[in-house]
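Next come two complexes, and both contain subunit A; in the first it sits with subunit B, in the second with subunit C.
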Partner chain A sequence: MKAIKILLVLSLFLSTGFNQKLSFAQNELSAVDIIAKSRLAFYYAGDDMRARVLMEIINKDGQKRLRELTMLRKNYEEGGNQKYFMYFHKPVDVKDTTFMVYKYPDKDDDRWLFIPAINLVKQIAANDKYSSFVGSDFTYEDVSGRKPEEDSHTLLRKEKLGEKSCFVIESIPEEPSEYIKRISWIDETNFLPLKEEFYDKQNELYRKFEAQELKDINGILTITKRVMKNIKTGHHTKVTLQEVEYNLGMEDNMFSERYLRRPPLEWIR
Partner chain B sequence: MDKIKILLLIIASLIFIPMANASELSLHGFLQTNYSVRVNDDNPQGAKQGNLILGEERAQIRASFYPQKSKIGIFVKSDFYHDWVEENLAFDFREGYFDLAEDKFGLRVGRQIYTWGLGDLLFINDVFPKDWEAFYSGRPLEYLKIGVDSLKLDIYSNIISAEAVVMPNFQPDDLSSVGRFHFFDPYPNIPNRELEKPDSAFEKFGNMEYALRLYRYIGDFDVSAYAYKGFFRSRGMKADNFNSPSTISNFYPELAVYGLSAQRSALGGVMSAEYGYYDSLDDRSGKDSGINNSQSRFLIGYQKAFPEDFTVGVQYYSELMHQYSQYKDNLPSAFAKIKQLHQYITLRLTKLFKYQTLKLSLFTFYSPDEEDFLITPEVSYNFTDNLLGIIGMNIFTGAEDNTTFGQHKKDSDVYVTVRYSF
Partner chain C sequence: MLRKLTEIVTRFPKSTIAIFLIITIFFAMQFPKMKIDTDPENMLEQTQADRVFYDKVKKEFGINDLLVVGIVDEEVIFNSDTLARIARITDEILRIKGVIIEDVVSLHTSDNVTSEGGTLVVKRFMENIPQDRAQIEKLKKDLYANPFYVDKIISKDGKAASIYIPIEKKDQSFRISKEIEKILKTELAPNQKYYIAGLPIAEDTFGHEMFVQMGITAPMAGFFIMLLLFLIFRKPIALIPPMLDAMLSVIWTMGLLIGMGFTVHIMSSMIPIFLMPIALLDDIHILSGFFDRYPAIKDKRKALIATMKDLYRPMFFTSITSAVGFGSLALAPIPPVRVFGLFVAFGIMAAWLFTNTIVPAIIMLMDSKKLDAFLEKRQGRISFADKMLKALGNFSFNKAKIILVASVLLLLTGVIGIYQIRINDNPVKWFKPTHKIRIADDVMNKFFGGTYMAYLMIEGDKEDTIKRPEVMSYIDGLQNHLESLKIVGKTSSVADIVKRINYVLHDEDKAFDVVPQSQSEIGQYLFLFSMTGDPDDLDNFLDYNSQKANIWVQMKGGENIQMRDVEKSTTDFMRDNPVPKDITIRWSGLTYINMIWQNLMVWGMLKAVLGSFWIVFFLMVIEFRSLRMGFISMLPLTIAIVSSYGFVGFAGKDYDMPIAVCSALALGMAIDFAIHYLQRFKAVYRELKDIEAANTFMAGEPYRAIMGNAIVISLGFLPLITSTLTPYVTVGTFFALLMVFSTLATLILLPAIMRLLGKSLFRGRI
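Here is the complex of A and B:
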């Protein structure tokens, strides 16, 4: 993958002449290209990925609920189909529950839930993509991504967010959506989204995403701490990714009924 | 059996306690209170505590030990409870098994809970024992399923996978018991009945129960085929003369079931279909009124999720009796007459609020031929990650007193559960 990216940049560099700076090549990127690259960097990093995900769900009074899960993800094509497997460690009343998603960019997900107390594997109807993921401030779409074609994108400006140079992009959904406008601050160098603002139907800011910690994991820059905050209610969710690993060579059969019922222990610990 | 239970508990504690800090050990459970009160003051004969159908405090311990880099493991789940209705203290050894996981197969030996098939509270190829009394009295759903002493072999392959189960100790369904519920009895004047349970297969090998499930994807369809050989889990009846009996006994007739199921995403939701042929081995001719006739059972289900955490599920289910003319000709006058096609329509609505901490749900059974309903509205709330409260109702109504839900129409109840998980 890296080699292709280097070649791409190199060819752009060559085609625009030796005197031009690299940043010029990036200037040529359209808003939709930036969003597409950002989606790949954020949701499709590596061929597969494993992480322990800690979620702190905090209400306006500061009362905390915790979700802790191991997530496995495998990509089938860049920007295309993916499979997810999640094993819940916490809270204790859902411990050992597993959840599997086959994600298709062009149609509804297939989802399965395993309920250990009655040893039941159940295919469940895909939720609305704007419904909450496990009771957090993140929606299913926030967790698994959105196709660039679903919005029209405009590069508003370039600005620094702290030390980092960012593209600032406005995205307007083509079809009625939960929000009418999304503004994203995307790092110019690695295309990770560092901040996102969501505006509701009154055109008021109601939800804000922030990347708080980035780590280099085997050459793949990864957002390891992120927060989604509901500005109107103060309710927010902090997510920490631990023990992140990429390119583990996960096999396809990992994402099957067998492992829903008997989670692969060597992977979920 | 009790000796085996005690032995298992001792083995489990010997393994667990010295290793209490090891990461492979998991020790969890809950403390729970669960009450259910009949809303109507017309209590059944034998009611021990008036309107109180269920009143208990319960502790559950779940312990598992799966050593790292090992293929084996052990799991134990046991309850200890105090029952206000029977005024006793008791153990309920719910599950306990040894596990072996190999690359191409898995083996699980001990008491286990199984759930097969695609129905939501309607069971065709799920031939495993159920506790309907627990369900009707408003205990949490997991108590509908009873663990079975069994050996399960899983076989995994790319062509087809299989679950094969052998069960040596027959375990019947738990039906509504005397004193807790009203129920229809065709012969109320003959209260003393012997109950003949199949001997364990360790004593009589022919009593071994076998259940098999084969499954794979065919295109986008998740397809399973099932077979079972064993016994009906509901009672059959023997009498010297069904029209004016002087002695009656109950037993569990032999049964075989063959079935299929398929499921896939469709129409913006999930569609399921299931079929089962119930072969009543002791009464293939359909002449014996004390034994259920052979049947075909069908199910079609559809569930769909809507925005803002709202989910709808609907099912159509039917039982078609095969030797219906024999059944009619031999039906004693005291028995309730079942239609040749007995049907249910179910509806499930679920809506979540407040970041999924508050759940409102409704489940209804309706039988158009028996003209009866069971309606279960429920509210549950997670006060914290550990503390859950549930309040709900089971509303039984029906035109007659001798139908599945109609017989319990004086037993509509309100139930409350509070559970602290640790």
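Here is the complex of A and C:
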């Protein structure tokens, strides 16, 4: 038995090449575990979080649209419900627009938008799998995450991305989706996704996510610059997070219709 | 000089032929580089203002080439089974490489924005297939309550649905349409019909038909001409020199065209068909003269030199006038027409070179014994045709005055007819009505908002201009006006989107189905819209800075007249309703572009024809060294052209591209008959010194040669009638008509004029 195991390991070792070191300790993590840990590290860091988000939406000719907003996020349980509150500073004609999302991992989000020009709060129901997040190349799902059970995951290999050792995981959606395959490069040490590639129904790479800058904020490693590029249209969106703060002790009642109309000034600044 | 050439080639016939064949191989080697161009935009110069603007509009608004699939079920589309088929078809189409997934518009992929219980709901019309009656009714209600999609993805009567499929590159359209067709064939039920329309398909099919045209119709025409030549000369060997002449000039011309990097366009694909009959016209005169002289001289070389001596001038002038006629097309502002004219002119001059070299060389190589035997048999045989020609000669000579009066009347009638001419064209109608493309086009225009696209571009002077309420309202007003026109099926713009959001935000209250009256409202509604779909959903209608907007105008017909009416009506609207400050409005789109080049062409052609008319007249004055003779030589063709175009006017046939092109061609060809007639007449009169005797002589061999030419040239184009593309058919018929008219005008009018004016014309010149 043991001899067979050694043989198996040896052949695996030979076939995968010598430069790839096999760490048995980490290999015990399954692909699903890695994805689950990654989701927590990326979407659920801290109890709550505040950031000033700068978004540059750029078309293939290099023309830009800018969005600037303050985002508040509160987590209710690890990997569970979340609430988001967004206040738009720019563009000028949408200033004072606010947007609130209740994220439920098991069903579609609840979203509300306050439209200052007509002083109206409107609830919005839209598919978060493909609808664009405020006109950017990110979908709602890209911004708020996707449940690991929605895909079947396979650990393809481990490889270095720059200096960082990564798990390379292939995720195939269980239900028909906008993409048929997603490949993620997940940092072995902190589980943050450094790169993701999405393949469309023609099995062609069409979207690519890249983490471009990471910062340690009060002990929490945070992706502060990221870009999502549509390979086929040349359209891309750069997102920069500024003034990131964690664990500010946000109250639950801040995420309410009342605050949509009258945003809490001390929070949005 | 030409005499020297004749002496050389008749001395070294084999070397002459060898040299020309070697050069021909070089031209033939260019053929594999052939590139087909079917893009209608290329009718305009790359730098033409409207074309540059259209390219800009396409780029700025992300307008891709579009295939449109129509699915028709005469029962109704709304049942679970059919809807499921449509969903499957759509899913499979998305999987075809080259299809732009995000931009496919259909029941299964497009989002609807509605209000349900106070919530703004954005979802696909048909994410899942409706299973029961209630769900089907819901889908129906959703669709018909959203004007943006009615007549676009679903027909008003519910019998047809469509899928709009933008593709990345135009050159993939053939493969993609084949794959789509395969999907449709497997997925649809037998009673359901499908249609594939869209410009890329039309262009591809057109390119294919052009190959067919060049590969089948042209050789067919060649064979047909051979048959005609055989009937004229009744000797197979006589066919070799003209056929070789025709083939070589086609190879040289097409080889040069391809070698110089020009693409083969609808016009240039007609070059072989045009060149073949024209190239061998002079050869008929050589053969005819040679066969007449040889029995007396009994020496091939001497007979040839004697024959050629009389023909140098008329052959040169007929060639140069034809070349000028075609060459005049170089003045047309349409690049493909220009290329066509110049290269046919080149081909004609090449053919003239062959006539002076290869043709005598081949005759030198003919077997003397067989030639003797054949010509003996031929002598002394007076055919029925000869009798007819004789009668014709007598008729026109004796009825001179009546003929002149009739000619003047015919000319006047022609002028009246020309005033009836309606200038119009529609490239889709370049396909015959029974063609798959035409049928698809008809069906799609019956069920949906129209397949002919034009764009009305609204441009402001700075960012966010379009968000100004008065600008947005003006766009809405323009659309209302356009949609009141019968030919306009549907319009779409950013104003529709803003109105829809306004309406839905206010719980679908009809009072809010209007453009909001504050800029921040418009800005915020557009922002809201951008949160619901893809980041580029708005791109087709609004540019990145909201400085320019684009109104899509779908028309049910693509004729130039229809586009002109829409344009005029819009101008009237803009005059009655002042345009907001700092806004410019300009038309674009393919239907508009087609109208532009059509206009350019009509005037360009007119200029070209008038220009070449003067050049040919000038050449005639030089040729005959007489102003009056020059004038007389122009008369038959003037009458022929004017009455033919008058006929077009009376018959109600639209004056389109092929008809326009024929005018320049007819001019250069029709003059040939007059040149040959007058040259021969002059020479004979010099000999016989009697008008009537000269006329009698003319009704013999010279008439035969002229008639031979006329038959070859008018019947030689007839095979074009079998073509599946209407421009070829039109050219074939109309050109035949023109040639018959000008032959008759020459052979009837000129003898009449000779009788009345001959003596004074030639007085002191003999």
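Just so it is clear, the second predicted complex is superposed on the first by the 242 of 269 C-alpha atoms of A that agree within 3 Å, B and C clash if a C-alpha of one lies under 4 Å from a C-alpha of the other, contacts with A are read in each partner's own complex, and residues count from 1 in each chain.
The definition used in the following text is that a residue touches a chain if its C-beta (ideal position, glycine included) is under 8 Å from a C-beta of that chain, and two chains touch if they have at least 3 such contacts.
Because the structure is a prediction, the values reported are computed rather than measured.
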Worksheet entry | subunit A as common anchor, with subunit B and subunit C clashing or fitting | clash
Item to complete: Check whether A:232 is in contact with subunit B, with subunit C, with both or with neither, and answer first, second, both or neither.
Response: second
Worksheet entry | Contacts of A:120 with subunit B and subunit C, given as first, second, both or neither | both
Discussion item. Contacts for A:66 in the overlay, against subunit B (first) and subunit C (second): which applies, first, second, both or neither?
Written reply: first
Discussion item. Contact-wise, after the overlay, does A:257 reach subunit B, subunit C, both or neither (first, second, both, neither)?
Written reply: first
Fill in: Overlap of the subunit B and subunit C footprints on subunit A, listed as residue numbers
57, 59, 63, 65, 91, 93, 117-118, 120, 123-127, 130-132, 134-137, 235
Fill in: Residues of subunit B that touch subunit A when the two form their complex
23, 26, 28, 30, 66, 68-69, 99, 101, 106, 112-115, 141-142, 144-145, 154, 156, 158, 161, 215, 222, 263, 265, 268-270, 272, 303-309, 311, 355-357, 382, 384-386, 388, 419, 421-422
Worksheet, complete the sentence: Within the complex, subunit A is touched by subunit C residues 59, 91, 94-97, 99-102, 116, 118-124, 127, 168, 464, 467, 505, 516, 518-521, 523-525, 527-528, 530-536, 539, 544-545
Response to the item:
Residue positions on subunit A within touch of subunit B in the complex are 57, 59, 63, 65-66, 90-93, 95, 108, 110, 117-120, 123-128, 130-132, 134-137, 235, 253, 257-258, 262, 265-266, 269
Worksheet entry | Residues of subunit A touching subunit C in the complex | 57, 59, 61, 63-65, 91, 93-94, 97, 99, 113, 115-118, 120, 122-127, 130-137, 200-202, 204, 206, 232-233, 235, 237
